[in-house]
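Each of the next two complexes has subunit A plus one more chain, namely subunit B in the first and subunit C in the second.
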Partner chain A sequence: MTEPLLEANDLDVSYGRGRRARRVVSKASFAIAPAETLALVGESGSGKTTVARAVVGLVRYDGELVFGDDRVPLTPRRSRELRRQIPIVFQDPRSSLNPRMSIGGIIGEVWSTHPEIAPGGDRRTAIAELLGRVGLDEDVLDRRAAQLSGGQCQRVSIARALAQRPRLLVCDEAVSALDVSVQAQILQLLIELKTDLGISMLFITHDLGVVRQIADSVAVMQHGEIVEIGATEQVFTSPAHAYTRELLDAALDLVADHGTTTTGDEQE
Partner chain B sequence: MMSMIGRRLAVGVFVIWGVTTLMFVLIRVAPGDPATTLLGPDATPEQIEALTERLGLSGNIVEQYLAYLRQLATLDFGDSFRTGQPAIALVSSRLPETLQLTLGATVIAAAVGLTLSLLAARRPDGAIDRVVSTISILFQGMPTFWVGIMLILIFALVLRVTPSSGAGTPAHLILPAITLALPFTAIIARISRATLTEAMREPYVQTARAKGLSRGEALRNHAFRNAMGPVVTIVGLQVGALVGGAVVVENVFAWPGLGTLIVDSVASRDYTVVQAAVFVIALFVLALNLVADIVNALLDPRIRVEANA
Partner chain C sequence: MTDDVILRAPAVVRGRSRGRAARAAASIMRIVPIAIIAIYVLAAVFGPMIVPFDPVATQIVDRLLPPGATTSTGSVAVLGTDSTGRDMVGQLIYGARTSMLIGTLTVAVCTVVGVVVGLLAGYLGGIADTLLSRIIDILIAFPNIVLAIVVAGLFERGVAVVVVALSLAGWVSFARLTRGATLSLREREWVSAARVLGVPAPRIMLRHVLPFVFAPVVALVALEFGLIVLGEAGLSFLGIGLPHDIVSWGQTIAAGKAYLSTAWWISVFPGIALALLVVMTGLLGDQLNSRFQRGGVR
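This part shows the complex of A and B:
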């Protein structure tokens, strides 16, 4: 087994202070190898988004969260260089882009923040190339988020993350707010990027169908704890924890319901 | 955009009509009448009646109101009962002083209020945030006339660094402008702090933070401009209220503006001057609200996109 790129040991996160503190993540441990995609699944409120926020340095936590061969601790006060390597793509495509900035400005800002990875030649050409990589035309460069569709916005968010030359991409429900057809396209794009660029991913979702397509391994969260973790196929075929079985059954029911409409069988 | 402005202007005409009508009624409902006030306690009933006739106050109230509306339509406010000068001339001679005071107060309030909110929003619920919200409550809670008197005591009488009252030099403006600015500063600080904190939670700001911008950079480069829309609206609305506050402040500092003119005119039942002054203030407030709406539309890229479409 190769050395993990990211390792979390007994991660605890609480919101609020003192007596009003509420623990939302408790003793979460997991690891992501280079080029591996770990999906974090669970119902809303299970704490999976909070894990993502801890990984990208937006919340304080207790426990150990280390990155890379040097096992650098990922504190909220981490260096800019570390932040560059771990970008995040959020759920809501439109509000992830500053409404006042042009798409070119949004992507270009990455290189103002991290001049060491800025492309040498013409910025516009470099941005246009990145946009092409995520399947967008060059002419969105001067537009704003309000003039793009949800799917296009999400592609811009991914291009912005790629501009950072990431090693670990965190996707927090990145396809959940999109139409089913657009969802499939964005998912396909992420799968391509992962294979082409060898980026690791932490993929937060509640959608088990998506997990099966993209994830190498799955961690199941319930009430802030990881109740089961393992290779995707293994978790799907022989779930060990009762909650995982429940989730899978619920997902299967959905599939069955869809099935009835196609076969024409009446239910209730 | 043009249709928005047109609509606002149409509504504005109604508002002006409403305000001037209300003023016409209120000042006549108030006890005391101009002729008695002007002539003093020794006047005979005949003298009072003659003067009432001359001031155009002898007919019944409906006739007076219709005459008043006819005058208003031609922007003629009549002559001052006290001095005989055209009422509008008196008002416009005092207007620059009031504008100077409100403008000064607005600049102070915007500068201090925005600075406080930027400091507070860096760490919501942090130490600075708590200090700022305490200051805001204090500023908003202290009555203006009391603050004015306290400032005069401290800076004019004890420290002797500013004039105590009156107008003429820029130094005269300092104390009244600060007095008028304090509650406004608190309002701007609180609204702006709220919209900034909200903007800091937006995913695009979170992304900016995650990608390596400091809190301060994310605040300045991303949150600030997006958070200013509601603040501009509130400032536009509140500058109108500031003119109301100016009435009190001007009297504390004997500042020769519209406020002192209105108070003096009400005291002497100088109906025409009060009506002209209120008309001008209403016009001013409406104009400011319109400007705030236009600025807001220009600031908001989403509104702008719709306007282009």
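This part shows the complex of A and C:
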């Protein structure tokens, strides 16, 4: 196995302080190789979003997080360079974009914050090019989030993340709030980016169908702990933990209810 | 079917006209406070050009003239004169100018200080928040006017002292409002996104938080303006506000106190002017508040 891009060893995250502290994530260990996508699945409240927030530096954690060759500081105080390399796409497409700023302004902010990666030449052209990369028209540039659809907003969020020239993209339920058809489009876009640019991804979701399509490996979380981790096919075909089996069965029931079947590998 | 429409028509028309009357009344109520405040502002800005008035000149022969009386110079004192023969209309207009000046300066100081403190406390959290919040709590527990009296009483009378004395407690409500709004805005995802991106904290506060605090702050500006004008009048009434060569409603009311039974107009007119302004700014503040709450921060 190649040297991992991100390695988490015994990651603990607690909210609150002192006696009121509540541990949300405990002893989570996982690794993501370059160009690999790790999906973190589990029911709501299992702590998967908190793991994402720790990785991008929104909450304090304990344990060890190694990115590339460097240890990531425990507190949210981290270098700009590190922040540049790990962007996040949030669940709610609209509220991740400042409602008072134009789309051009939102993406331009990436380069005013990180001038070292700003493209030379005309800024507008560069932004338009980036928007084209995620499947948006140039005329979106002067609009605001309220004037766009949910799917378009999510494309803008992805464009903003790409503008950072990331090494690891964190997607926190990035397609969960979208319609099924839009969801498929955004997922397709993410898969394209992954294969074309070789970006690693930490993909947080509760939707096992989505995991199937995008993830190379899966970590299953329950009550703040990772109960099972392995290659996607392996986890789907021969789940080791009871909770994973439960999740898979529940997902299959849903699929059966909708009258559609996924290809192969169904559990009996 | 046609009959049906005809039969029902009058009721519909009546219903609509009642709705229109109610809407008209509501829209008048929306205009009244802003219109009256506009009159005060116009009087304060342009009044002195129309009504010549010297606040330190006295005309002893014209003292204590009732409203409508003719003065020794042949002009009509529409609202009467005071104990030194000065025209009441002139005093009201110059008093309005003073109130506007003090109100604007003080509210400006309070807004800037309060918003900055509130943003810092709300966004940074931790020790900064604890410290600033305790200061805010202490100042809230202390009656504003008492604090103003203590400070104004310690120094030589003057505009700057009055502004400082009133600002000392006035910024607190702005800070509290801004802090509360910032606390909830800080958790919004576009703010988190900016943090993840590595945008420096001062720029996050300016670009991603401040614009959304603006609306409720404007409503508070209107509310506070009235209270500050009232505070200035209070200080001047007590004789620790503005110096004598600046006309202030508070001073005029105090000067008329001795003549309440014989020359009521000296205290009553500035009193009405003051009360009306304070009530109208309050109404305007409430209107702005409810408007922003309806269509405000998304």
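Here is the rule we go by: the second predicted complex is superposed on the first by the 252 of 268 C-alpha atoms of A that agree within 3 Å, B and C clash if a C-alpha of one lies under 4 Å from a C-alpha of the other, contacts with A are read in each partner's own complex, and residues count from 1 in each chain.
The definition used in the following text is that a residue touches a chain if its C-beta (ideal position, glycine included) is under 8 Å from a C-beta of that chain, and two chains touch if they have at least 3 such contacts.
Keep in mind the model is a prediction, meaning the values are calculated, not measured.
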Fit or clash - subunit C, subunit B, common subunit A: clash
Partner chain(s) touched by A:S238 [first = subunit B, second = subunit C, both, neither]: neither
First (subunit B), second (subunit C), both or neither touched by A:T75: neither
First, second, both or neither for A:Q147, with subunit B first and subunit C second: first
First (subunit B), second (subunit C), both or neither touched by A:T125: neither
Touched partner set for A:T195, first subunit B, second subunit C, both or neither: neither
Partner chain in contact with A:N9 - subunit B first, subunit C second, else both or neither: neither
First, second, both or neither for A:P87, with subunit B first and subunit C second: both
Common interface positions of subunit A, toward subunit B and toward subunit C: 56-58, 80, 83-84, 86-88, 90, 92, 95-100, 109-110, 113-114, 146, 157, 160, 164
In the complex, subunit A residues that touch subunit C: 56-58, 76, 80, 83-84, 86-88, 90, 92, 95-101, 109-110, 113-114, 146, 157, 160, 164
Contact set on subunit A toward subunit B in their complex: 56-58, 80, 83-84, 86-88, 90-92, 95-100, 109-110, 113-114, 144, 146-147, 157, 160, 164
Of subunit C, residues touching subunit A in the complex: 188-190, 192-200, 207-208, 211-212, 298
Subunit B to subunit A touching residues, read off their complex: 202-204, 206-213, 221-222, 225-226, 301-302, 305
